[in-house]
Each structure stands twice: as C-alpha cells, then as structure tokens.
C-alpha cells in the first residue's frame, strides 16, 4: 500500500520554512502532496494557480512531491486522497497551541488519519508568509526568507499594486 | 450570606465546554449566574435573547443556575450583583495568559471580588464557539461540540443566511 | 450544607504568597483548611508541628481558617474531610502545567470535588519557599518574602545548623 | 563614542508600563530615543504629533531621553541613528514569542545592532495601550494605568468622538 | 525500501500514553521499533528484561511492532538500525521544549533521520511513568493509567519492596 | 562614568552559546565582566581556576572583557563591582520563566541595577553545559557545541575519570 502524506497550508507565498518541511517530510512517505487550502474569507496575495505554479517549479526536482488545492474541510480532503497522515511544521510555542487545537479537532471529526509534526530548521524558525509580505512592502531584503523565483514574483505583484 | 458566582462570556453559542464549567462551578456556590456580555463592537451570530433562551433551556435542570446579560465593565456588573467571585474556564496556555491579564486588570479596578479558574474537561479542551461556527459553515459534524438544541439553531441560522 | 475548601501544600515555610491565597480563598467558602502534606521522601526544614504552629499563629485572626496535616493521597484526605474543593495558587506558567497535571490526575482518581485556581498577587508571584531558604543561607534580606515570625524561626534554624 | 539606544513602539498612548521601561533603559546608555513607529495601516487614536507632545512632556525631566518618529523598517531607522541597540519591554510569555520573532528577523536584516529586553515592573505587567483605550470607553478608572496628562487627553478624545 | 521508525524511551513502566503512541505510529511506517534506552545513571524500577517482556506482551497483537533495547546515544542506534525517523509523543508544553532541544541536538549530531511528533490522546495527556509509580506507592487506583498486566507487575514489585 | 555589565553563570564549561552572548554584550558597555558563580552545593566538573583559565583564553582577544568569580548573592557582587546591569542569555521559554523569577527577586533585593536579556543566536539555542557533558560521556561529537580548547579539556577530564 502506497503511503500518502498531505502538507496543507496557504503557501501565500511559499517560504524557505515550507521548503524545509517538504524536503524533510518527502523522505518519510511514498508521496507528499502539498495541498493549498482555498479560503474564500482570507484575502490572498497570489491566486491558487500562481501558488500551484510556484510550488511546482520549486519542488519539480523531488520525484515524489505533487501539488494540489482543496476547498472545504481538511478531513474531507484527506479522506478523498486516502492519505495516512497530515504533516505540519512547528516553529515555536504559539504554533504548538494552534496546531494542537486543529489536530485534536480533526481527530474528533475523522480519526482514520494522524497529524505528525516536524520541527522547522532553527534558521527558518521566524519566517512566515505574512512577515515576508510585510517586509517587501517596506523595501526590506527578503532573499534570506524565500527562494529567488518567489522573490521575483513578489516584486512583480508589488509593482503592479503601486501602478494602480 | 448567600454566595453568588458570576460566569461571564459571549456564549455565541454555548458549547459542551461551557456546559462543563457550569456543571462544576454550580456545586461550589449558592447561585451561579451565567452572564452574557453584550459587546456592541463584536459581531455576534445569535442575539442576546436567543442566547438567553438557549442557555436557560440547557441549564433549567440545575436549581441554582440563572441566566442574565450585561453591558459595560464586568467589575461594575459584579458589584451590582453583589457576587463574591467570577469563574472562568481554562483550556490551555493561551487562555491562561489572556485570563490572567483580565483578572489582574479587574482586580486593579475592584479588589472586592476574586476570579477563580476551573479546568475544562480534557475532552472539551479544544472546543470554542468560533471553531463551532467555522465547522458548521463547511458542513462539519458538530454533534461532539455542542448540545443538540444548539446544533439545531446553528443549522437554522446557516439556512437563513444562505437563503438571503 | 457547610462548604469546606482544602488548601494543600508543603508550607516549608509559609510565605507571603501563601498568606495571599489564604486571605483570598477564605472569603469564598465557609471553612478553609490549610492542609500540610506530609511527604516522607522530601527533606523538610521545619517539622510538621513547627509548620502547624507558624500557620496557626499567622491565620489565627481569620475566623474560618483551620490548620491540619495529612499523609497519603490528597484525594483520600479531601474525601475524609468531605470538602467540595481544593484551592491552588497560580504564579506563572510553570505552575500552570504542573498544577493542571495534578488536577487532571486527581479528577481521574476522584471526581467528586473540584480544583480551583486563584492568581497569586503579582507582588508575590516570584516567591517560593525554596527561594526563601536559599536566600537566607546566603544572608539575603527576606523581610519582603515571609512574615516576621517566619523570618525569626528561619534564622533560628540557620543558627542551629551552623552550630552543629 | 556615544552609545544610543532606540525604544520603538506605537505609544498610542504612552502608559505607566512604557514609562517604567524608559526610566530603566535611560540609565544604561548615553542617550535613549523614544521612537514612534508610523504605521499607516493601523488606525491610531492619537496623531504622531500628539504622541510626541505627550511623551516629551512626560520625559522632559530626564536629561538623556529624546523623542522621535520614523517610517519604514526599524532596521533602517537604527542604522540612520547609528544606535547600538534597541530596547523592548517584556511583560509576559506572549510578548516573548512575538518579540523574539521580530528580533530574529531584524538580526537577519541587519546584524550590526542588538535587541535587548527589560522586564516591565510586575505592577505594570498587564497594562497595554489597547486595554487603556477599551477601559476608558466603558467609563473605567484608568488612573492606575496612565499618567494624569494622558488620562486628560484620552477623555478629551472620547468627548470629541461622542460629540460627533 | 522498508521504512523503520524508532520509538525510544524508558518505558519504566509502559503506560496507556505510550500504548496510544505505538498504536498511532505503527500505521505510518513498515516497522515500529519500541527501543528501551538503557540509562545507567537513572534508577529504574523494572529491569530491561522485564520491560521488554511487558512491552512484547502488550504489542504482540501488532504485526509490525518489535521491541529492543540500546546503550549510548540514540543517533548511533538509529544509524545502526537504518531507521528513517524517530517518533516522540507530545503531551503538553513542557514536553515540547525538552523534545525540541533533544531533536535539535540529534539533528546536529546526525541529520540523516527525522524526529516526528505525535500528540498523545487528550485522555492520556497527564499520565507519566513516574506519576504511576508515585500513585501506586500511596495505594492509588492506577487502572486508568496502565494496562492490567503492568498494574499486576507494579503491585508485585511493591510487595517485594515492602517485604524487604 | 564607566558602565560595567556583569555576565554571571556557572560556565562549567563555557559553550558557543555563552561565547555568543559575550560577543554581543561587550559591544554595549564599557566593560563586560564574565563572573563565575561559586556554588558549593552544586558539583562542578571544572574547578573555578580551570574555568577562569578557559574563559580568559577564549576572550583574551576582546579588549573590554574580564573574568572573575564570586561567592554569595549576585546582588552583593553587583554592588561591590558598581555595575549598572547584569546580562543573561535567553534561549527558550523555560529560560524565560526561570530568568524572570531570578530578575524579579534580585530587583526586590537591590533595585539599583537592571537585568537585561539578549537572545542567544538560533544556532546555539539548544546548547547547554550539561548537555555537552552528557554527550561527551557517551562519545558524541561536541565540536559544534564548544570551542576546541574546551573540547580538549573535556576529553582530558573524561580520560582521568575513566582511569580512576
């Protein structure tokens, strides 16, 4: 039986922190699905298609990583994909509390899969997508936070916004 | 002297977590007042009247539990009701920090009453009213989180919203 | 029915932090029992009798506070005293974790009573019996940490120790 | 070489907690600059000028404290001012996490200065500018939280708001 | 390639909390090795052989769980077994800190394997081997904390100790 | 007036984590005193003289760092040295709690100096002297945790121990 692991998130945009978790988790399972959660109530900077493009470009070199998007509850998506587990990165204590609440809730809704946690590398422990978006707006250097193609697209977005 | 304890909150809606605290706290004092805080700046799903109705229905079996609503500062309401203490449920560390800040502030404003904390049962430690509202919107099964009459009313609300 | 609350601890010796919890908790119940846990595996500085004497002297002014000592499990003592609850002071996060573990364990062993938590006053939040014992050994001024009679007895103990 | 320390923040308005940090930090360096961060995306109650006025009035008695405002990234402002460090007050654990993330990010962006942390006095550990604004709206007594001139201005603001 | 996961610990004795992690983790990998760490500096209640016996008896029903013991550093044992990861249960925040420190240290010593974390079921979140040993000494009922065969052996140990 | 900062600790032995704090703190003050606390109740691996030698060797290149040792209370030593502050490194949350308790206690005993906190670099956040001693005993590679001269001395100590 092929073991599939889901890595859900907004990835708006993908950072070196996410890349680190992908590289670690893909070695533990037969397939790792990076699954972009479509949240209509949260404003996103990049469209789902743009995010799929970026992640695909950056993870193409890994044979067993695929990219997908989903609507609705994570537990339903996991069931549909027949995955054995969901992986989440933990960076710090505040992650821990939120992630535990989500994992306990998901276990209550569907106890046929597990949530596993990996530690983000300490060098990326302070990076978040929202921090990156805030920094670039103020002209900060984000090359230590996101891969080059993502930085490029962030600057394009910013340029378009300022033009309008 | 009759000892009155106040259990303040939004209860929008009441969950099994709140019910657990009510069942525990009512045994410690002569009267337990479930006091709905009227917060004009926060959008609520249920009106104050609807919340009073639901809580009254669910706590009717307890002889010493009453339901009320209040405007303004909690310290003023506690003084008006001549209560000896306020009870709050603690579920996790993030509760702890927020609740301590509030309790310290209230003590500074009026040191004639105490804030006591009870632990929510571990089975309900991840439940919150906002989680329940989010789950039902995505079609999640919430029967493990709220009593049946609350689930019923939540579905009615949702139906009305979708009709509009 | 008279409501009895148990305040268990080592009280080796009693500090201003403990005094603060006693003053707060005694207003909420008909009787507050300060119950010294007899732990044969922990070395104590003061004997049970000395601790009973000190606490009795300091709480004599409160009409509804009594002092006692117990062996064995707290849950058995609570049952024997027919108490409705146990009170514990919370000073900081590390207290919170330990206290929650104990309260959950006690609930599993006997769910007929509650554990309630009160916040220690922020001015006493860093005081502990072991800190006091460490400070006095190095000649630190402990008058801000323990009542005068306790300071007096601590100095006596120290003198006796050094003589030997 | 003169050592300059920056104390950045919103100070909307300045509280006794901020005053405590200013009094402590100014003794450690040759000059302490209270630097108001101009954040166009956050609604503020007081204008930058009003905040400069209030802080200047309250810190005038300290010879080595100056007041300033800045736009953009803190790291750029620190470089411009040629400061050796930034000081931040820690009140509680939630501060700790946020402040660490910011300090790590700033270190990545510019490692030529340090972020130092001081503990806010325990008596002010629960005060925040937003709490003060919420309390005054509900008629709470805020004299224990902010200096008198700030309380006066807060009441003026409130009066003007209600008139409109 | 067969994926092996190591579950290291003292298991002195195994509790329902450990059993829960074993049941969860074994579904994610081809083989799960319960690996008893031999720590000469820590007094243990049960010998390594007794612990192997108990765990084997309780996990015999699971086809892909084996039991082993090891000396020295975990990283060396993982390399020897050619395992892809180590699994640890997280019960609460204090676990989180300690486990993260160990995982970071192990990663520094050998970055060819991952440490994954699973949440212990909330019903077992307060159980620890040392708590169980303390409770049984005071005559507490431990049937909710350990499987029956373990309870039986604990009582035997206790009897032998008291005889001596 | 020359500003002196004290960096107190056991330094048994000094690690890269300590070195990082020394390098950061020495830039903020005129003189940084690395002050070894002599604790007769704690078994140490290295003597005070050995620790002074190691730290002196490693900090000799810094013009404004001196090494000293002290008995008794830190507050008395700070007063004697006429220092304006004490610096402590924070690595993680558990540090935070302990350090805050110590800083509050010291402030109560002597409020004429400040305790400032610096964050240890994220690459050293998991290193502690006791971890290093444990690793070397089991033959772990500690070159990423302590400078070469310290590693050398640790191996000497170990060799002597084993010979005995």
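Letters A, B, C, D, E and F mark the chains as written, and numbering starts fresh at 1 in each.
Rule of thumb we're sticking to: a residue touches a chain if its C-beta (ideal position, glycine included) is under 8 Å from a C-beta of that chain, and two chains touch if they have at least 3 such contacts.
Since the structure is predicted, the reported quantities are computational estimates derived from the model, not experimental observations.
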(request) Compute the shortest path length in steps from chain B to chain D over the network of touching chains. (result) 1
(request) Using the touch definition from the top, list the chains contacting both chain A and chain B. (result) D, E
(message) So which of E-F, A-E or D-F matches B-D, with over half of the contact pairs the same residue numbers?
(response) E-F
(request) Tell me whether chain D and chain F, two copies of the same sequence, contact each other through the same residue numbers or different ones, using over half shared as the line for same. (result) same
(message) Per the definition at the top, count C-beta pairs in contact and tell me whether C-E or A-F has more.
(response) C-E
(request) If we define chain centres by averaging CA atoms, which chain lands farthest from chain A? Would you check? (result) C
(message) Roughly how far is chain B from chain F, centre to centre by C-alpha average, rounded to an integer in Å?
(response) 49
(request) Return the distance between the CA-based centres of chain B and chain E, expressed in whole Å. (result) 39
(message) Distance between chain B and chain C based on Cα centroids, please, to the nearest Å.
(response) 32
(message) Quick check: what residues of chain A touch more than one other chain, meaning two or more?
(response) 93-94, 100, 104, 122, 125-126
(request) Return all touching chain pairs. (result) A-B, A-D, A-E, A-F, B-C, B-D, B-E, C-D, C-E, C-F, D-F, E-F
(message) Applying the document's contact rule, which stretches of chain D touch chain C when the two form their complex?
(response) 93, 122-123, 125-126
(request) Please give the residue numbers of chain C that touch chain E in the complex, ascending. (result) 72-73, 75, 93-94, 97, 100-101, 104-105, 108-109
(message) Touching residues of chain A toward chain D in the complex: what are they?
(response) 92-94, 125-126, 131, 135, 138-141, 144-145
(message) List the residues on chain B that touch chain C in their complex, please.
(response) 3, 24-25, 27-29, 84-85, 90, 93, 96, 100, 103-104, 114-119, 122
